[in-house]
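Okay, got some structures for you below.
Each of the next two complexes has chain A plus one more chain, namely chain B in the first and chain C in the second.
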Partner chain A sequence: MTAVIERERRAFLTGNEVVAWAALAAGAEVMFGYPITPQNEIMHYWARLAPRYGRKFLQTEDELSAGYATIGAVLGGVKAFTATAGPGHVLMQEALAMAEMMRLPVVAIITQRGGPSTATVIYSQQEVNLACFGGNGEGFRLVYSVAGLQDLYEYTLKAFGMAWRYRLPTIVLGDGYQAKMRGPVKLFDPARQGIDTGMAAPFLGAAGTPGRERPPVHLRNTYNLEEELLAVVEEQARSFEQVAEQVAEYEEEKREGAAILLVAHGIVARAAQLAAGRLRRRGKAVGFFRPVTLRPFPETALRRAAFEAEMVLVAESAWGQLERLVRASLSGSEVPVQAYRRPGMGITPEELEEELEKILAARKSSGWSRGDEVAARAADATGLAP
Partner chain B sequence: MKLQPEPQMPRVWRRESKPHRFCPGCGHPLALKALGEAVDDLDWQDRVVFGCDIGCSLLAWDFFDLDTVQTHHGRTLPVLVGLKRVRPELVPIAYMGDGGAYAIGVQHLVSAAARDEPVCSLVVNNAVYAMTGGQMAPTTLPGQKTETTPYGRDPALSGHPLKGAEMVAAVAAPEAYVARGSVANLRQLKRYLLRALQNPHFSLVEVLASCPTNWRTNAAETWEWVEKEMPRYFPLGELKGGVREEERR
Partner chain C sequence: MSIARIVLGGEGGQGVQTIAEILAEAAYRSGLEALYIPNFGVEQRGGVSLAFVQLGDEVVAVPKFRRAQVVVALSDRAIQRTADYVTRETTFIYEASAAVDPSFLPREAGRLLPVPAVKLATEHLHPRVFNVLILGTVVGVVDMVEETALKAALEGLLGHKFALKPELRELNYRALGEGRELALTA
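Let's look at the complex of A and B:
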């Protein structure tokens, strides 16, 4: 296959366009989708671009069908993907549960919108629970929470590679802001940058007559006995734990003796990073941690960062969905966790700065022991602050 | 367990998974026999991919020496639609019950038919939800007693039985093949299946089938019901002829 993007180039695109280009560059052969805002333009661009590159598109009757048809294409041995949001994402979880059970490399792009139910078409981070643990299963899937247009490009490429390498359903978790915002992106051929976009191979319909030249492939979801199912899920769990160590990703800006570790994911992480940086430049001891994979969650790294801090502040456009993952990771520790919850609302660096200042002031007046400004200045002197 | 002498089975049946797991008197194995013979006749063992659904149809997940995928709620159809779209050389068969095809997954059936997806659907209509213990199905006949219609299905309360084949015939493309057969006439059923499999467009074969376990009928009553009673509401025959071989050339 010739590269979709031969030479690296800069483009000015919306997030949804970026996803379509990334899927093309990753070698996705087919997309199945059903209209829902804010995901629509992924389909629009794919539907326009696909025929030019010999790729396929089908608008299905619903997201159930989109998810299951994606499974069917994957079973046939091609890279396939779908995209959805909100109530469509709820339906999509049914297919993702099957992909989880059968370990099928289905790639789903989720552009979060407000919830519960229909809610807003614009933005939120309220689909974290669903992306990580949706379906009647254990959440054995990969979830990449992207933070910006370049991220969308690179993690969509990577999603195909990881899905096919580990045989796990893989979600690229974005949101309506990232889907619709337009900005500069660097597009490149993944092969030239050493990004693995996966090698597809058929699960069904491989060469040879089943039963004569090779055993038939019998893929099932159903099990008769509790013990049978237990053995299957235990094996999946073991495998997922091994994979987790290799794929957990995060981004952090450390601050020795940090008073506050600010934790955020997705687009909110960009605001958090800015706010933490500004405070550090003003001599305040604030660290920043962004989980990139929400499944598996970078627990060890977060624990390490949090234990060096006086407290953790979780900021998210949801009512405690990331916070719950953070608290679970930190269970057993004494580090207090506070939350800044704005379900369905964008979060600016300015409001986070204000919130952080408020917490620092309150801490100071109550006689804070460690991460005060003196310690912060001392750390600055060691060159640890950016 | 090895039966001696081995009973006559279609070549494509998987010996290792026999005897099968269906109840005595069940219509499924008869439908699967007709299907197996049709695949044998076409010698398509290397082309057919078998998909089965939830409920009793899932008991067929290792029934054939065919690549097989099992899912639920009529999603067998979109899975095979996705497969066929990327592997046009394969012949996918979606094997579903009346619940999956005509109730919880009906949107997939209607849409696949309307889009003329070249996939073959085989819907076993036994007028009950069998695996779950005999509840009312979309195809339960008026007056028929089930666990959720203990006094008999009252059309004023729960509507009339759904004529799935007629519904599909109404929305399917002119080239689609739609027929209703019965396990009471295997020769006719096999003929329908051969036409359905060879039709390069959407095809549906509904099969009237017995469920003595949930009907609570003895052998004679069971046969009477499947052979005489059911076709009074669900007439047998071809509703849409598909593309015949001579027309395809």
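Let's look at the complex of A and C:
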């Protein structure tokens, strides 16, 4: 296949356009989808671009069908993907659970919108539970939470590589803001940057007589015996745990003796990073941690960062979905966790700055603590009053 | 220079998103960092449509913000919906062809800039270029976007219409010019 993007170039695109270009550059051969805002333009751009590159598109009758059609293509060794959001994402979980059971590299782009139900077409981070644990199973899938247009490009490329390498359903978790926002992005050929976008090969229909010339392929999502199922899921769990160590990703900005570790994912992480940086420049001890993979969650790294802090503040455009993952990771520790929850609302750096200042002030008036001493030392060093 | 933040609000169909898209594209083509995000509800028609544009010489990482240097409101409802973004540093541009109840206007705005765009467009140009006239005013106030970039962005979005009716190009340029003049004189 010839490179879709031969020379690296900057472009001014919406997130949905970025996804379509990334899927093309990753060598995706077909997309199955059903319209839902804010995902629609992924389909529109793909449908417009695909014929130019010999790729295909099928609009199915709903998201169940889009998910299963993607599974069908993948079984036949075709690099396929789908995209959806909100109520469509709910339906697609059925197919994703099947992909999980059969360990199939289905790639799904999710553009989170407000929930529950139809709610808003705009934005949220309320599909974290669904993306990570939405099926009737254990959540053995990869979920990359992206934070901006460049991320959207690079993690969509990567999603195909990881899905096919590890045979895991892989979700690129975006949101309505990132889908609709238009900004600069650098497009490049993944092969030239050494990014693996996956080698597709058929799971079914290989040459030779099964059982004689090659081992039989028996992909099942139905089991008769409890013991059988237990053995399969145990094996999947072991495998997922091994994969987890290799693929868990995060981004952090440390602060020695941090008074507060600010944790956020997706586009909120960009606001959090700015807020934490501004406070540090004012001599305040605030660290920043962004889980890039929500599944598997970078537990070890978060524990390490959190244990160095006085407390953790989780900020998200949901009512405690990231917070639950954070609390689970920190179970057994005494680091207190507070939450800044804005379901379905965008979060600005300014409001996080105010929240952090408020917490720091409250802790100071209650006679605390280590972080303030660090802040005072930092302020001395810069000659500024604490 | 840093980042200029602009909120535009209007009734669905007034062309708020078109203004924002051309503005962001023109900023990008001027070599600036730019980020634009539309914001609207589930209505197919009607309802207030908002657009958030940021441009400047710093990377823009977060699509939304709380305070804007320039707020544009093209209807009474949009005036109310955008009021929260106004500060003492804000230039508040509003459609003023019909009388606007002064009690609606944000008192704290640093500068109130009434633009009778519908009236001007209808009398001098064509009602359809009313939003491009507003774009001209915004560009005049922000003063960061290059003229050639602005025309290129306009061409990018409306080029297919210009191809069918070349006189539309000149009409749009004149609308830009009239709008910009209002920013400087009003």
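Rule of thumb we're sticking to: the second predicted complex is superposed on the first by the 361 of 386 C-alpha atoms of A that agree within 3 Å, B and C clash if a C-alpha of one lies under 4 Å from a C-alpha of the other, contacts with A are read in each partner's own complex, and residues count from 1 in each chain.
Please note the rule applied: a residue touches a chain if its C-beta (ideal position, glycine included) is under 8 Å from a C-beta of that chain, and two chains touch if they have at least 3 such contacts.
Just so it is clear, the structure is predicted and the values come from calculations on it, not from any experiment.
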{"item": "Three-chain arrangement built on chain A, chain B and chain C clash or fit", "value": "fit"}
{"item": "Which of chain B and chain C A:Ile267 touches, first, second, both or neither", "value": "second"}
{"item": "Which superposed partner A:Ala3 touches (first chain B, second chain C, both, neither)", "value": "neither"}
{"item": "Partner chain in contact with A:Ala301 - chain B first, chain C second, else both or neither", "value": "neither"}
{"item": "Partner chain(s) touched by A:Tyr177 [first = chain B, second = chain C, both, neither]", "value": "second"}
{"item": "First, second, both or neither for A:Gly148, with chain B first and chain C second", "value": "second"}
{"item": "Partner chain(s) touched by A:Pro349 [first = chain B, second = chain C, both, neither]", "value": "second"}
{"item": "Dominant contact partner of chain A by residue count, chain C or chain B", "value": "B"}
{"item": "Chain A as apex of chain B and chain C, Cα-centre angle in degrees (nearest 10)", "value": "110"}
{"item": "Three-chain overlay, closest Cα atoms of chain B and chain C, distance in Å", "value": "26"}
{"item": "Touching residues on chain A, where the partner in the complex is chain B", "value": "29-30, 32, 56, 58, 60-62, 64-66, 68-78, 80, 94-95, 98, 202, 204-206, 208-212, 216-222"}
{"item": "Touch list for chain A against partner chain C, complex", "value": "12, 37, 118, 120-122, 148, 177-178, 180-184, 267, 270-271, 273-274, 346, 348-351"}
{"item": "In the complex with chain A, residue positions of chain C that touch it", "value": "21, 24-25, 28-29, 33-42, 60-67"}
{"item": "Contact footprint of chain A on chain B as seen in their complex", "value": "12, 14, 45-46, 49, 54, 58, 61-62, 64-73, 75, 78-87, 90, 107-108, 110-111"}
